[in-house]
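Should a chain be cited, it is by its letter among A, B, C and D, assigned in written order, with residues numbered from 1 in that chain.
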Amino acid sequence: MAGSVFGKLLQISTFGESHGAAFGVVIDGFPAGVALTPELIRPYMDRRRPGTSSVTTSRSEADAVEILSGVFDGRTTGAPVAMLIRNTSQRSSDYEAIRDLYRPGHADYGFDAKYGFRDYRGGGRSSGRETAARVAAGALCMQLLEMLGVTCTAYTASIGPVTASVQPEDPVDRALVASSATGMPDPAADERAKAYIEECHARGDSAGGVVVCTVTGLPAGIGDPVFDKLDARLAQAVMSIGAVKAVEIGDGIQAAMHTGSENNDAFLPDGRGGVTKRTNHAGGILGGISDGSPVIVRAHFKPTPSVAGEQDTVNTAHEAAKIAVQGRHDPCVVPRAVVVVESMCAITVLDALLVNMSARADRIADFYSDLRGNS
Amino acid sequence: MAGSVFGKLLQISTFGESHGAAFGVVIDGFPAGVALTPELIRPYMDRRRPGTSSVTTSRSEADAVEILSGVFDGRTTGAPVAMLIRNTSQRSSDYEAIRDLYRPGHADYGFDAKYGFRDYRGGGRSSGRETAARVAAGALCMQLLEMLGVTCTAYTASIGPVTASVQPEDPVDRALVASSATGMPDPAADERAKAYIEECHARGDSAGGVVVCTVTGLPAGIGDPVFDKLDARLAQAVMSIGAVKAVEIGDGIQAAMHTGSENNDAFLPDGRGGVTKRTNHAGGILGGISDGSPVIVRAHFKPTPSVAGEQDTVNTAHEAAKIAVQGRHDPCVVPRAVVVVESMCAITVLDALLVNMSARADRIADFYSDLRGNS
Amino acid sequence: MAGSVFGKLLQISTFGESHGAAFGVVIDGFPAGVALTPELIRPYMDRRRPGTSSVTTSRSEADAVEILSGVFDGRTTGAPVAMLIRNTSQRSSDYEAIRDLYRPGHADYGFDAKYGFRDYRGGGRSSGRETAARVAAGALCMQLLEMLGVTCTAYTASIGPVTASVQPEDPVDRALVASSATGMPDPAADERAKAYIEECHARGDSAGGVVVCTVTGLPAGIGDPVFDKLDARLAQAVMSIGAVKAVEIGDGIQAAMHTGSENNDAFLPDGRGGVTKRTNHAGGILGGISDGSPVIVRAHFKPTPSVAGEQDTVNTAHEAAKIAVQGRHDPCVVPRAVVVVESMCAITVLDALLVNMSARADRIADFYSDLRGNS
Amino acid sequence: MAGSVFGKLLQISTFGESHGAAFGVVIDGFPAGVALTPELIRPYMDRRRPGTSSVTTSRSEADAVEILSGVFDGRTTGAPVAMLIRNTSQRSSDYEAIRDLYRPGHADYGFDAKYGFRDYRGGGRSSGRETAARVAAGALCMQLLEMLGVTCTAYTASIGPVTASVQPEDPVDRALVASSATGMPDPAADERAKAYIEECHARGDSAGGVVVCTVTGLPAGIGDPVFDKLDARLAQAVMSIGAVKAVEIGDGIQAAMHTGSENNDAFLPDGRGGVTKRTNHAGGILGGISDGSPVIVRAHFKPTPSVAGEQDTVNTAHEAAKIAVQGRHDPCVVPRAVVVVESMCAITVLDALLVNMSARADRIADFYSDLRGNS
């Protein structure tokens, strides 16, 4: 209830601080029978792992995942899955200089106001490293989504002024996203974005950007009509990632500027007895419920607040002070955040799929009738 | 769990359909001792009530609120507060023509996919009328927020291409918002926006727009660090309003285009022993926790999907069909949605304030020490 | 979160006070497609309705249920089902004499300590009338349980010293339970129990008793292993009924006195490829999960605290005082509580059945594979 | 949602299996500023630790607790507290003989029915070792309860036919409980109970018993009126401990046999401006809310189902079979369960105290007024 638990049927609970012993995640309500090994999680962790390119922090963490529970003979058992990621590269001394200062753009001041004191070393609980635990959970969810024919794919759409030449409806090459420096599936733009980040970094500044996540294969009818609309849950999930300041679904802010006749997506027969849409301005969600088209989510990340230049601030006694944030920081969090957005969308969508199983009495009756027949 | 319950300590549960008997709301966890009468709720309901201007639907509903429980001698008792709003102006015959058709931009198709059948009359559960129940709950929350020195004020920032000349940090005249046709606290822009909506309506089309909500007086330290960040909860709350397609906090999407040195808000001593900020790009929330500056939320509404012109669609047998949506609809939902955004922000912020009371052991000990002293 | 919401996937929220306008219940997460009319609810309400016999209160309430939402064409739609029960026979004047006194055995003192004031008329929120809302919800759940082949049957096992001659494993005649004065499916004991209650009542005293509920047809595998064990959820559900002071599963307290070799239930092949047990000391639940045998729950009710004789108490100024509770009270709540226990068991079991649908990845994959095939 | 999360404001989530890598617990919502070190947890863990006496299993586990997160400079930070307990003495080979058999009295069959397969080694998730994680959480909660003047004390009231000579209202010597073999604060009875367990064990059988927990210092007004009654929450908490088959509050089942005039507890002035009661049949809870008297909970434990004698059962193919359970088991779980009951009561009561802080608007206003004054 203090906010480190997410989900309805599937409950994800993360713990850990950037300069404590470890990060970790407990996933309660994960179904039995899904393959889970460290090797299956590894590729997702690697996409978020620091120290792999010139545009990320020089803090190097292996981010090895130890699976503590919930797995037997390589498959989930239905018991809570706990995964642990030890911190190995803390350098707390980096933070001595700022223990009594509030870093602009950071949660330091809010933490002190809320809790009376804080772990001043590297952001503590609000560190971006917390998202490693989310990625481990997301990777597991993606194993099951795959069994259900659902795919989540995120990529970098822009960094500062550099925009990738890719439309939300385009199929995205996941390998290209994973191998690029910035997460852009557009090699030319990736080069320019990388250069832009390096330039910001060189002058002690930082950059923001935009991540898009597309969910394909989701059947129509997933999500709930009122407070737990699929888009509302996705908005919480994505806005809960540290630096996100805006979330859009489908055309998002553009929709507000168009008229109804422009913005409506016409329904069409899909030629196989089903329904499709001529356009997808809605981003796959109408009235909070999926419509069978790809779900499209855009997350806007602010620039990293840790910048090298001198800034005005106050100290913990609320006196005026100057600060220049040293330490190892990403000059732009976007490249490493791509897989975090993907993970949060995967967790949210899987949870909605599980909740949806009890929407109709006839299907529940069929489910239990089959179960009795098989016992 | 099917998504009609919102909140953590304060749980809001709405019910009702546009062509059923009534809408209503149950508020569990609302503290004892807050004044509540129908008269206190009335002004909020009136701001959302249809049929009051040329830019809203001609469906006329009194939206009288009956308080069913949780109040004794004009004050809340700590028991669940239930409030009921009877439907009085249903015209279900309007919908006969479309009972077998899926309206583009509406949830009809998703509802059928999810539940196997639906109440085809006027949107059923996904009707905008559901928000009347939210406004009743929001009005109650605002009574208590006022006792705590916190104010939520929403207004219309733009409709289609017409933008009000008001900045998020400007103090907003609530009376002006309430008396204007479109919710804009800028009479000249209000006139132009009204004309724009009328023009869209005249040609059988509809408009979207943007609502801003500002929360002032919120102390620093409110909100939780991870999944239940204050901005993440606000994002869910606001995105759960029917036509919202994007949510921004503070500078929102603009933040992604700036550098860290531009986007950071410098902290300053406030001259009274406290802390303030030179700018408020962050919109009052850092790392999910309030920083003492005004909280600023922007909600982007798509244009009303019910338009009079003929559109392509499919019928419930998934065959191609044509549809022209008749019935009584708002040509733009934004004017009436202003108080809905305000309500959802009020509910979310009050809930966060209640949860925050148990953040610190020393304050808990003080609380119970005082309580024992007084008994 | 203030405790008027129960359930996980199926969330039941009651509201109302004994001398307010009404009681009601909102059921969120109830599946679509289940028949619901006032007529289907009526027989359950009648079993709890006061004023029907010499052993219940003379307060006469029709307990007519108005279905406010969630139903279309006589079937649930998947939207929240709200049901309203108006109070019609309040006699608040009965309570003027005790507005400043705390009734022994009642929650009056606790309410004042908690909320600072209370609706002193007839118990307010802690009135037994609140259970009318639970029965309405339970009746709806029983419609769906029936579709799934699961039956909940409660009856009175004892009142004061009078014990019905029926064993938990005996099939119980529901009609006999409903038509008896005390809820005992044993006409001779029913007569004696009725006489015992009348005798207590005549001398201004009151009686307690025991209700047993048996759930048959529940497949093995329902419930969760740790905190949400099926028996743990049932214990909360049943203990949450006003006067219940003890809950037993299966042999309950007797189990603690036996040895393992006596208490273990041997498993046996059932002759049809399934599994049965030689005995059912466990009451159908092992390790929190159903084992396919009938689930057996025993609820022990204290005697009604409202007695006519003079008692020592304190007033709201905490001064010594005398009290003799007048008003209309049941001399024994057990007869009317039978259907309440049944309802709470039905709600709990149905919720567990819904949650259980997402226990296994293979079944989830089958479910969605079927759904895609049918679309 | 799969049942390994407990609590409302304070959410306890356990993970782990008896023959996996580890057990652990994550406590979300625990307030900042409470002392936490492994040394503070140690004495509680030792009370549950196996291998310390002739009446417990010979499996020897150090049960060393590693604090993974949520603590800085020896105090909680408000972030989730994760604690890890490695398994060190697994002997999975003990279970090879029974991998295809369902042990009577165990959850094996239910697990297979639910999840399709199970970790057959030592009970997996339903192992009594899971309660080690609960004890770690309970120990932390007791640190804060102590700051609030609230004490939870559990002890063994009976084992098989041997009953300790102690009344619920008697002050209990915690050291005596901790140092006794069986948890009885009555040395003579402790000797007899120990002899009884040894005798059961010698003939390959097992014993059950009763644990009482008393909560003192709890102010009146804690708990909620309807589904989350304090006793209802306690009932779930205690019934969720593996072998518990009955829970009583106060006089429990005895209450059902008395009349109202016998069972009511008269209120009296306490001589210091407060209120007390002449008796405490109610066990400190009326209408689900604490009344200021000690809260008294009784938990009835079944005998250990693992017995050495041959029993009838079925195998995983549902064929008749014989089983004699070897391995290392407690012949009676009660001695080690005492601290588990105490922990579950502590967690439940602390959660209720936190939730209660938002019960009254005036106290909330005072709280925030103080907070603004201090900033």
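The definition used in the following text is that a contact is a pair of C-beta atoms (placed from the backbone, for glycine too) under 8 Å apart; a residue touches a chain by one contact, two chains touch by 3 or more.
It should be emphasised that the depicted structure is a prediction, and the values quoted were computed from it without experimental measurement.
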Chains in simultaneous contact with subunit A and subunit B: C, D
Contact-richer chain pair (by C-beta pairs counted) among A-D and C-D: C-D
Superposition rotation for subunit B onto subunit C, Cα-based, multiple of 5°: 180
Maximum centroid distance from subunit A, chain identifier (CA atoms): C
Subunit A and subunit D: spacing of chain centres that average the CA atoms, whole Å: 37
Separation of subunit B from subunit D, taking each centre as the mean of its C-alpha atoms, in whole Å: 43
Interchain centroid distance [CA atoms averaged], subunit C/subunit D, Å: 25
Subunit B residues counted as touching two or more neighbouring chains: 1-5, 8-9, 14, 29, 32-33, 78-79, 113-116, 125, 219-220, 225, 273-274, 355, 359-360, 362, 375
Residue ranges of subunit B in contact with subunit C within the complex: 1-5, 7-11, 13-17, 20-24, 26, 28-30, 32-33, 66-72, 75, 77-82, 84, 113-119, 124-125, 375
Of subunit C, residues touching subunit A in the complex: 9, 29, 31-34, 76, 78-79, 144, 147-149, 219-220, 225, 273-274, 353-355, 357-368, 370-372, 375
Subunit C - residues contacting subunit D, complex: 1-6, 8-9, 12, 14, 102, 104-107, 109-116, 123, 125-126, 130, 158, 160-161, 200, 204-210, 219-229, 231-240, 242, 245-253, 255-270, 273-275, 278, 282-283, 286-292, 300-307, 309, 311-314, 318-320, 355-356, 359-360, 362
